[in-house]
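Which chain is which? They are A, B, C and D, in the order written, and residues in each are numbered from 1.
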Amino acid sequence: MSASFKRGINSFKEQMDAPVAAFFSSCVRCGLCSQACLFYTETGDPKYTPINKLEPMRRVWQQEYSFWGKLASALGISKPVTDAELTEWETLVYDSCTLCGRCSMVCPVGNDIAYMIRKMREGMAASGHAPEGLIGATQRAITIGSPMGVKLPALQAQIRHVEKDLGCTVPVDVQGVDYMLLLSSMEIMNFPEFIGAITRIFRHAGISWTISSQAFEATNSGIQIGVSEIAAELVERVVRAATELKVKYVISPECGHAYMAIRWEGPNLIGRPYDFKVVHILELLDELRTSGRLQTSGKETQRLTYHDPCQIARRGGVVQQPRNLLREVAADFVEMPEAGIMNWCCGAGGGVSANERADEIRLKAFIRKKKQLDEINPDALVSACSNCRIQLEDGLEENEMDIPVLSLTEIIADHLVEKEQKEGQQP
Amino acid sequence: MTETELLMWARGPALQVATVIFLLGIMVRILEILVLGRKANLAEARGSAVAGGLRTIVTRSFPDRGTLQRSTFNIVAGYVFHTGFFVVLFLFAPHILVFRDLLGFGWPSIPTPIIDATTLVTIITLLAVLLHRVQDKVMRFLSRFQDYLAWFVTILPLVTGYLAFHRIGLTPPTLIAIHILSVELLMVVFPFTKLMHAFTLFMARYYNGAIAGYKGVNS
Amino acid sequence: MTEITNDREFHAALDGLDAGQQRLAAAGFVKSVLHLCTDERIARVLEVAADPGASDAALAEALKTARATTIDCHTRCGSEGDWLEQAGYFVARATVAALTPLGQMPGGVAWQAAMSARMAQTSKSIVTGENTAGQESENQYRLLAGFLNS
Amino acid sequence: MSNEKTLGEVLRQQGITRRGFLKFCAATASMMALPPSMVPRIAEALEKARRPSVIWLSFQECTGCTESLTRSHSPTVEGLIFNAISLDYHHTLQAAAGTHAELARTKAMEENYGKYILVVDGSIPVANPAFSTIAGISNLAMLEETAKGAAAIISVGTCAAFGGIPHANPNPTGAVAVSDIIKDKPIINVPGCPPIPVVITGVLAQFLTFGVIPELDALGRPLAFYGKSIHDRCYRRPFYDKGLFAETFDDEGAKLGWCLYKLGCKGPTTYNACATTKWNEGTSFPIESGHPCLGCSEPDFWDGGGFYKAISMPTGDITRTAVYAIGAGAAAGVALGAVNRARKARAQKAHERVTIEDLNKDS
């Protein structure tokens, strides 16, 4: 069975629920959401108005789930959604929406537009309208275990090098520990120093933890492309590994959508609650800080600012923790205008970065971040998502801005009080 | 038909029909939404969905600073015409009488010169809103027939009410009849259009706030 | 005769170097993994880094090129990774570190260059499948010792 | 009565002083919204006016209008103006009866053909002419016959002007206004239940003065008297504007003389001179005695949804309708909601598992 228009429309019908119906019923076409969307503000093209990105799904709702709409359909005065329209909307739904949810914060009638785009992608994927790049990533996620094709031996090689550099072991497949760490492929490939950083922090704080060789991948292409059963399968792998290792917590790494997938969507995708808890690495670090298990020394003197990854802050609820942590290690921490839950997206989330077709608009959308940075002129930019990080580096380079992008976890690791050395000297 | 007959028709059968369509339509649309239901969230909550939902119902009335700066006209004009409309609708003595007749209780009215001025300001604002809808590229792009229809049936009672109050053009009973009929037109159109947002926005805001509140975010 | 046997000593020794020396030491680390990078821009800017008499302007220009190369080389999120190309990316990153003015990188520029060079080596080992853990660091200890003793 | 004497002569015979006469002229001028400079001209014209012949027909009426005109507490100039005209036929007032009375009418018609003024009070039943007859002549026939030679017709009272109470629902006699029958004569409507006496005399005075009928509004009423609403001239208007209303007839607001709008006052839609000329020799008008205006000078005032219900209020039982509508809407909504749920369940059942092989669409 292959993707088909019919399956797509059927999928739209499956997605309708009370919130969607309430949202569509409430829209007054005021256009405020356009001003919340970086794809509109940076292009000025009204088709990027967030609510417009839902138009085909709205029509399915109206024609199938509202009395007047059904009446209009029966009278033949409403035109059904066509496959050509879905094709037209494909770029709006995948290339120019990062699911950042800023529009959902601004809509005066309270429409959670990002919630609906997430649902709309189910129908788009089922009707064969997902972008090539995301399809490839999703297929690799299922067949290889990583959207970027990172296999266990690669991770093992990285681990071996970390172990050699740090002179300690990185626990893999250790049963009965408290925490199971997930990693994003991005971290394994582009930012392997993250593994070293986290190892050092955990050694410092005395955390009992492990990485699972069966499910080390945190990302979930299934929720980006919008196929719940694929997303559920990826979540199941993590749940299975966590259950086998009998851990109490699963740690979501510095990746935005991974947190959304494992923390918030996961239990709903697999249809049952977890018997472990999911924490974001920043949540854990801040908890360690308050309990005194994480001690840092020295402060960065550079002017630092923090970019909130949308799925971690606005859509995930981890907002205060990174600020607490940064203040611990930064002497000059400044907020961007509109930070925290009103932060502007980097422009590459929600699968946009995996979609080569979106490259041009992705870099255009970055200008919004540039404008934010221009207002405060930081020396360095800190974030907690590898995907944001790559996009930020990309955009900064493109705009010839000399601002390094740093990982918050790595900065913390660089400022650990060196008790490990003392311990190391004792037998 | 004499003007008194017209007025009596407007106050009588027409109002009955309009009331039935209005309330029946609203109930149908609200229940159509609610009955659809939603799945329980199985993820462990960080905050209260109910508290978040209730909070957002209130807080969404106050835009964030960035949005206010970027869409100043939209927000200010929106505030003015909504407030104006509700002041005129709910605080004008003759209107309160209708509500008292319907509900069995009333409330104090405010001086008529204030109502008069508010009406004028609201009408002018609505004209500006229409101009904005036509000129702003996003709003023009998004607008459908029903957006203009909704605008029309909203401004009509204000205009006819203003004319009736000042008895301009026609005899008072005719003007009042036209005014009442224009309100009935609004009532009839209401459940079929985006005007439903007056009711569904509470649901939309609640759901939005509940989804966010569950995750510990104040949306 | 300085001898370096572990990262602590290595890091301490690097921290003791001034800006020019750090750059030259870093250039040395990059050079030993340069063969992993196919982008010729890196070889070119590395020469600048390795030149003790390089002007500030030349260094700044080289850093810019190195940065641009790094951005071009990374693997995009969700796209299929190629570890050989990834090795090149880390070489480019090491070059950036080598050319970055002192104090602008946590842990020091030479240290970061060394780390990235090691990652380049690791990336290669993922393709070849051999266990090379520690080889590059040992190599770097020797390089630094030689540098300090020269 | 003969038509030989001028009006001035007659008035002097009646003992009216020059001063009293001029006062009346001034009042007339002001009511007709004429400048004071016109007073001498009015006086002159009235002095010289010959007593016009007036035929007064009473159809379906209560005699209230006549009572209003004749039951003044003391002789007034208005009253005397009536004495000055040649009231050649008025079956309530005239001494003659039976055949003699009808003869008086036909005589007056013949003698003054084309010049006499026809005053009508009461409505005309058209459902069955026999519902109201005078001397065996139906009202309709009498009106049509008498109207033929009239210079102008004055419909006195709301019944003659708009059908009035006989015309009210369900209107068993098929009562209609004069203007519904006579189309080819100038008709001046002087509605009110009853109309203010001075308005009638004022209209007559103007007709006598200038020989023309006064400027009329859309309902045929002299603008001079019916140009402003009761509400516009009401001394309680400031309370309306401030939002101060009597809620019941004996509350504090009622005692303080607040606006009676909520008690059903029709002042805002009623055009009449009550608030300025007042009644009972300028003593007061209904609102002054604490009662809302009934709107008696307006068409169909009897059918306006109740005297004590404000004009903006629903006439029927809107609460019951609302409750039924909400109930029916709830039932329909739940039913339609259930249909939607079933539709969604069907879609979920029809769901085919999306696998990674499915993602690429067959082209």
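Convention: a residue touches a chain if its C-beta (ideal position, glycine included) is under 8 Å from a C-beta of that chain, and two chains touch if they have at least 3 such contacts.
Keep in mind it's a predicted model, so treat the numbers as computed, not measured.
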Partner chains shared by chain A and chain D (touch criterion as defined above): B
Pair joined by the larger number of C-beta contacts - A-C, A-B: A-B
Distance-maximising chain from chain A - centres being C-alpha averages: D
Chain with minimal offset from the mean of all protein Cα atoms: B
Whole-Å gap separating chain A and chain C, where each centre is the average of the chain's CA atoms: 30
Approximate Å spacing (C-alpha centroids) for the pair chain C, chain D: 103
Averaged-CA centre spacing for the pair chain C and chain B, given as whole angstrom: 65
Computed distance of Cα centres, chain B from chain A, in Å: 38
Interface hub residues of chain D, defined as touching at least two other chains: 336, 340, 344
Sequence positions of chain A contacting 2 or more other chains: 16, 65, 67
Junction residues of chain C, two or more chains touched: none
Contact graph of the chains (line, ring, star, complete, other): other
Touching chain combinations (by label order): A-B, A-C, A-D, B-D
Touching residues on chain A, where the partner in the complex is chain D: 1-4, 7, 10-11, 13-14, 16, 64-65, 67, 125-130, 135, 138-139, 142-143, 225, 227, 229-230
In the complex with chain A, residue positions of chain B that touch it: 28-29, 32-39, 41-44, 46-47, 56-57, 60-61, 63-64, 66-67, 70-71, 74-75, 78, 136-144, 147, 150, 191-192, 194, 196-197, 200-201, 203-209, 211-212, 215-219
Of chain C, residues touching chain A in the complex: 6-8, 64, 67-68, 70-71, 74-81, 83, 86, 89, 104-107, 115, 118-119, 122, 125-126, 129, 131-134, 137
Residues on chain A engaged by chain C in the complex (per definition of touch): 133-134, 136-137, 140, 147-150, 153-154, 157-158, 160-161, 163-167, 185-186, 189-190, 192-193, 219, 221, 224, 300, 302, 348, 351, 353-356, 386-387, 390, 393-394, 397-398, 400, 404, 406, 410-411, 414, 421
Chain D residues within the chain B interface of the complex: 218-219, 229, 240-243, 245, 261-262, 268-269, 298-301, 303-305, 310-316, 318-319, 321-322, 324-326, 328-330, 332-334, 336-338, 340-341, 344
